[in-house]
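The structure appears right after this line, and notes come after that.
Lettered A, B, C and D in written order, each chain numbered from 1.
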Amino acid sequence: MSFPLLTATAVLPALGAVATAAVPAARRTAAKWLALLVSLATLVLAAVVAVRFEPGGARYQLTETYEWIPAFGVRWELGVDGIGVALLLLTALLIPFIVLAGWHDADPSPSSPPRSSGGHPKENANNRWRPTQGFFALILMVEAMVILSFEATDVFLFYIFFEAMLIPMYFLIGGFGDRAHQGGEEAAATQRSYAAVKFLLYNLAGGLIMLAAVIGLYVAAGSFSLPDIVAARASGELEMGTNTERLLFLGFFLAFAVKAPLWPLHTWLPNAMGEATAPVAVLITAVVDKVGTFAMLRFCLGLFPEASKWATPVVLVLALVSIVYGALLAVGQRDIKRLVAYASISHFGFIILGIFVMTSQGQSGATLYMVNHGISTAALMLVAGFLISRRGSRLIADYGGVQKVAPVLAGTFLVGGLATLSLPGLAPFVSEFLVLVGAFARYPVVGVVATFGIVLAALYTLVLYQRTMTGPVKPELAKLPDLRVRELAVVAPLIALLIFLGVYPKPLTDLVNPAVRHTMSDVQEHDPEPEVEAAK
Amino acid sequence: MTAMTGTSVLAAYTTSTGEAVQFWILGTIAVIGALCTVFMRKAVHSALCLAGTMIVLAVFYLANGAYFLGIVQIVVYTGAIMMLFLFVVMLVGVTAADSLKETIRGQRWLALLCGLGFGALLAGGIGNATLTEFEGLAAANSAGNIQGLAALLFGKYVFAFEITGALLITASVGAMVLTHRERTERAKTQKELAEERVRKGEYVPPLPAPGVYARHNAVDIAGLLPDGTPSELSVSATLRERGQIRDVSTEAIADLRALEQRSAERLERNPLEPRPRPGGSTELKRAEEAQQ
Amino acid sequence: MENLIAPLIAAPLLGAAVLLCGGRRLDKAGHWIGTALAVASFVLGAVLFAGLLGRGAEDRTLVQHLFSWIPVEGFQADVAFRLDQLSMTFVLLITGVGSLIHVYSIGYMEHDERRRRFFGYLNLFLAAMLILVLADNYLLLYLGWEGVGLASYLLIGFWQHKPSAATAAKKAFLVNRVGDMGLSIAIMLMFTTFGTFAFTPVLGSVGETGEGTLTAIALMLLLAACGKSAQVPLQSWLGDAMEGPTPVSALIHAATMVTAGVYLIVRSGAIFNAAPDAQLVVTVVGAVTLIFGAIVGCAKDDIKKALAGSTMSQIGYMVLAAGLGPIGYAVAIMHLVTHGFFKAGLFLGAGSVMHGMNDEVDMRRYGGLRKYMPVTFVTFGLGYLAIIGFPGLSGFFSKDLIIESAFAKGGVQGWILGTVTLVGAGITAFYMTRVMLMTFFGEERWRNLPAASPDAPDVEPAADHGGVPHPHESPKVMTVPMIVLAFGSVFAGAFFGIGERFVHWLEPVTAYEHGHPPVSALTVTAATVTVMVIGVGLAWLQYGRRPVPVVAPRGSLLTRAARRDLLQDDFNHVVLVRGGEHLTRSLVYVDHTLVDGVVNGTAAGVGGLSSRMRRLQNGFARSYAVSMFGGTALLVAATLLMRAV
Amino acid sequence: MNPVNYLYLAALLFTIGATGVLIRRNAIVVFMCIELMLNACNLSLIAFSRMHGNLDGQIIAFFTMVVAAAEVVVGLAIIVSLFRTRHSASVDDAALMKL
């Protein structure tokens, strides 16, 4: 057995989390550096995975299989296809930035005395309350679980991590909320716990339905191993009754639709993203939610192709609603972070659209979209977080003329916004256009409706930029400091990546294409042929 | 005696009429005893009725050839356990009669319902069973009942037996732990107590003595205050707790008044005219008011 | 030689990158770097031009394939550039005028502390515009298309501290986005129809598909063109775009970007040729905008807005010409180029006037400036003559050709379009003369300006930069470009027009066919000139003879409507903005109460239920005992039943 | 006589005891009722042993007694300490489990 690379990629951050949590209370900075180093090491491992992965090769590579619960045929079965690698890279890439961006988010603030012993912050050094260690440990924990759910090819294994990642997320949202709150500390705390509980319950509900479906799948298929089931279905050994398949599909899809918020199951996201600190919000929308869309692509389409086709019309309509609805609500928001949240809902609509139109452009687009949306939202949200942390308010109305006092901040914010409205030349455009083309090729009407999304996106982004960055400088912003080195170190690489992937996405598409080919063959769909074979 | 004769003919497959008679008589008594145990208002009575039932049961044991258990039943249960019960009852208050009024809504009806239903079920179950006659214990008791039991107890059930030993030890230890109170600090001397009382200033003088009268003088009778009202303080706390204070002040006052009357008639004096008199009658007045 | 194309684009791109990321340390030299790189790309363009001239007319198409942009299953988008006569023309126009305006801006933006950034944006615009015209497929063109949109957004909103500027920028971008929607849908249609969207295969295999599809594609392209080129109904942004610095208005909103729509139509000529209905729509749009813009231009007192109206109208000419098909393509481009010269010149002139007048834009506060800023006066005047089509100047040739082609369309359409163009020419003459007179002739109204008076609240007080302005000529760095452009506006037309040099140069790309108007070309020319003279005369009667009131008179209904862009904005505001606001607000409410309400309602329901269940836990051991006992009873019953059955 | 009668009797006593447990508040009486139930069981056990002619039933009854004794000891101790703390022997007063 060769070196278990995939397991290592996941175990490293998990161990790092334990180590970080064990750092003594006084050595806060040490914990931060430890977390950063671990996340960087994980990035290196992920890069190794990406290098070792041959796009032309087998569907699942670097596979590892160990018996775990033989009684139920549950196996520790890992393997990545191109999509998995892409998202693995995304996760491993974003975590260091999240850690770096949240550098001071978990420092005990003088305004909020620690929950354990109400005392002055200087006591924190010697009391047992160690928020910083916990914060970074939780982030690393989430990373480990997300990575595992991207790697697991055993349905049960996937389910476990799909659910388990909720716990650290719950604490991240509920325990380390955004201190910028108009209602003061108290209101912030209540809002935060409300958001956290809502997040947890909402996702748990979806997860439980999925658990039922997972068990049902085992009953129906007699195995948890995704490749085996897919192979069996392809070869026709495994016959699944139409209704069984549809029920199981619904069970899976519901959970994923909650995770990757699909209208009307989206309402937890704005609360969670609004109350959490910006880095955690990025963690939610850019990393954790991707598991949902990823799972739709891998499990819903892979395990239940027929049911997926059966459900396609409904899913497409919901996706369209999400696109337009999310964008419209984003326009209507008064809170920067909630605005970004609704924008993300709109974008997830695009991703799901691309997955379910069942064209290779759509699916490659959806996969690229997951990555690009992760990066662009990270850029926008983190800059927004920096801005909010300076002013101490999330209300758009409290800003104005920032561009004059902090041009670099405003500039990066604008780039993030332009990426969000998927301006050509930035990464999101590639994916969004692919999704649109893929949708249009099969369902022209859907494509056209979705295209309205790009106008609305421009609307909410530019309105946000205009209200916050332009116009006369608000007096209380006159002394606003521009981006610091640490913050620049967070944003600059992201922006560079956005531009690079916007101009030269080939490395990514090379990863994704074969995987998409496999998925297309799973669902036995072919791209619609062009009307006329163009004269070459 | 009938029981003995009944048991002597145990070898027979069916039971003698004698035993039947005995069963019906004693069974009724047992049931009545049980019912009384449940429905008597005073714990003491319940205990006594239970003891009665147990004795009856002991007889049944004997009648069924369980001589050893029959004796044990009488000695241990009726002799030891019930006595223990009585002790506790004394401790908590013999005469304390708790009302049978139900406080939890619907509890009583539910209880009765469950009881009847359960009884019916058991009856039904037993009714299903087809048991018409006894095997008889002649064979088993051939070497004597106690020997038979001992053989089983120290053979087949020896481990259970040992464990029960452990159980008993544990139980006694537990009882001690529960009831024993470790005195943590030195007991206060009388001086200290007095000082404390003064410092608290709640009731500085010594408590009044219980009432001592011509006809009653007992610790459970409250002494009368100058205005004739009984003083709770004069009765010991325990009795107070149990609400076992007898109040004779009214009778006492009635007697006094009668005395006054008689003396007044004898001296041709109008008792109603008010005039300053040494304390007594004014006390009476106030006492009467106190009565109303 | 095609390897020069990439550097041609890279130069300004590099400039943008350097200037925008360079930070403060480049503030000193920023504008020089920007200008140098712009000029560099112009030089490269010139070299390429020479190279093209060196080749035969037929193989003047260079293609540089850089790399595959989006390689996805059944979807090939390459980063490839295509240089042919059409794009060459644009390259020269863009880089040439661009360089001039860079130079001009050095002077114009001298006192702006964010000059470096300004030049960065200008370079960004150049790069994007070059990508737009050099792209070899529609997707790359889309990239350039949005790129120029971004640059225009940044430059319109350059003075972001002015809310009006920020709003105008946002508006421009949004309206353009609507157009971009059209472009992207068109690209999708091409993809589904042809399986590709590179120029050659798409335009090559037009014949193989139905007219319906082609019409759809063509109309979508037209929508895009309307957005970019400020044609009705998407024209509303151009007027506000004048919030940007004047060089921006000259470069982007007069000479180059706004003509991208025309480029798109001409470039996709094959598709339009095959879709006559679409062509008709194009001509109609052109005609409407032509008149619309002209009318707006007549009513505006803001010199830049008046020029913006004129730009709209002139582009209307081009679009109309482009809608005429092969007769018109080359002509449209020709007018585009000449217009690029004289309109840029006019804007620069306007900028120079504002520069000398404390950034005053209200023409009613100008007057008699000719002796204070002679160079500006002369260059502006030449531009003026050019645009009204004074015989011999460039505008004359190009516009005359368009009018001829319009008539040559033939039939009723021909007559209608012809007359429209003629009328347009007249109005053009009118409003341009008006601008001219109000600015450079008449008494010097700026000497004694009224303070803001209650009877005319819409007049903002003159003293926004303090005191009576001291009109003066602008520095050399500003005047030189104006002079160069004046030369262009004088001679370009003759140079292109005589012997149809220009159309023949474009012929291989746009397939020129000479139109034959029902009446002789001379008659048309004569008519044009007379109409022009009439327009000038009317303008002189109204603004030359009589003194111009400083406070705008109430004016006729049409005038008032025209001042407000013929109520277009009011329509937008009422229908789109208000409606949108209501929609979003109600949606937010719905989301909070309905969608979220269901969720929270479920939670509350569960909570209520459990608090009811909680009552059972009353803490009395006896009631627990009852339930235990009852449970036992049930169990016994169950077992008995089991035994029974 | 039908030996089942013993069982009926036992059942009756048991039910009475159980009902008593449910309706009485005085902890001591409750305890007595429990004893009553135990005795009922013993009775039936002994009847069984006689029916089947072996002594196991009696052994079980014996154990029951032992256990009962132990239980009584502990239980009464609990009652006493309860009374000490609460000055009442009512089971309803020990209602701290209530939410």
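FYI, contacts are C-beta pairs under 8 Å (C-beta built on N, C-alpha and C of every residue); 3 or more make two chains touch, one makes a residue touch a chain.
Predicted model only: the values in this text are computed from it and were never measured.
Engineer: With a step meaning a move to a chain it touches, how many steps does the shortest path from chain C to chain D take?
Structural biologist: So the least number of steps between the two chains is 1.
Engineer: With respect to inter-chain C-beta contacts, which pair, B-C or A-C, contains the greater number?
Structural biologist: Pair with more contacting C-beta pairs, B-C versus A-C: A-C.
Engineer: Which chain wins if you rank chains by how close their C-alpha centre is to the centre of all protein C-alpha atoms?
Structural biologist: A
Engineer: Averaged over CA atoms, how far is the centre of chain B from the centre of chain C? Could you give it in whole Å?
Structural biologist: 104
Engineer: Need the CA-centroid distance for the pair chain A / chain D, whole Å please.
Structural biologist: Distance between chain centres: 63 Å.
Engineer: Determine the centre-to-centre distance between chain A and chain C, using the mean Cα coordinates as centres, and give it in whole Å.
Structural biologist: Taking the average C-alpha coordinate of chain A and of chain C, the gap between them is 37 Å.
Engineer: Once you find the CA centre of chain B and the CA centre of chain D, what distance in Å lies between them?
Structural biologist: Spacing between the chain centres: roughly 17 Å.
Engineer: Among the residues of chain B, which are close enough to touch at least two other chains?
Structural biologist: Answer for chain B, listing residues that touch two or more other chains: 104, 107, 110-111, 114, 118, 122.
Engineer: Scan chain C for residues touching two or more other chains and write them down.
Structural biologist: Within chain C, residues 618, 620, 622, 626, 629 contact more than one other chain.
Engineer: Residues of chain A that contact two or more other chains, please.
Structural biologist: none
Engineer: Run through the chains and report each pair that touches.
Structural biologist: A-C, B-C, B-D, C-D
Engineer: Could you list, by residue number, the parts of chain C that touch chain D in their complex?
Structural biologist: Listed in rising order, the residues are 614, 617-622, 625-626, 629.
Engineer: Applying the document's contact rule, which stretches of chain A touch chain C when the two form their complex?
Structural biologist: Those in contact with chain C are residues 198, 201-202, 263-264, 266-268, 325, 328-329, 331-333, 360-361, 364-365, 401, 403-404, 407, 411, 418, 423-425, 429-430, 433-434, 436-437, 440-441, 444, 447-448, 451-452, 454-455, 458-459, 462-463, 466, 469-473, 503-506, 509-510, 512-513, 516-517, 520, 527-536.
Engineer: What part of chain D is in contact with chain B in the complex they form?
Structural biologist: Chain D reaches chain B through residues 1-9, 11-20, 22-26, 28-29, 31-33, 35-36, 39, 42-43, 46-47, 49-56, 58-59, 61-63, 65-74, 76-81, 83, 87, 89-90, 92.
Engineer: With touch defined as at the start, can you tell me which chain D residues reach chain C in the complex?
Structural biologist: 18, 21-23, 25, 91-92, 94-99
Engineer: Within their complex, state which residues of chain B touch chain D.
Structural biologist: 10, 14-15, 17, 19-20, 23, 27, 30-31, 34-35, 37-38, 40, 43, 46-47, 50, 53-54, 57, 60-61, 64-66, 68-69, 72-73, 76-77, 80-81, 84-85, 88-89, 91-92, 98, 100, 102-104, 107-108, 110-112, 114-116, 118-119, 122-123, 126, 129, 131-141, 145, 148-149, 152-153, 156-157, 160, 164, 167-168, 170-172, 174-176, 178-179, 241
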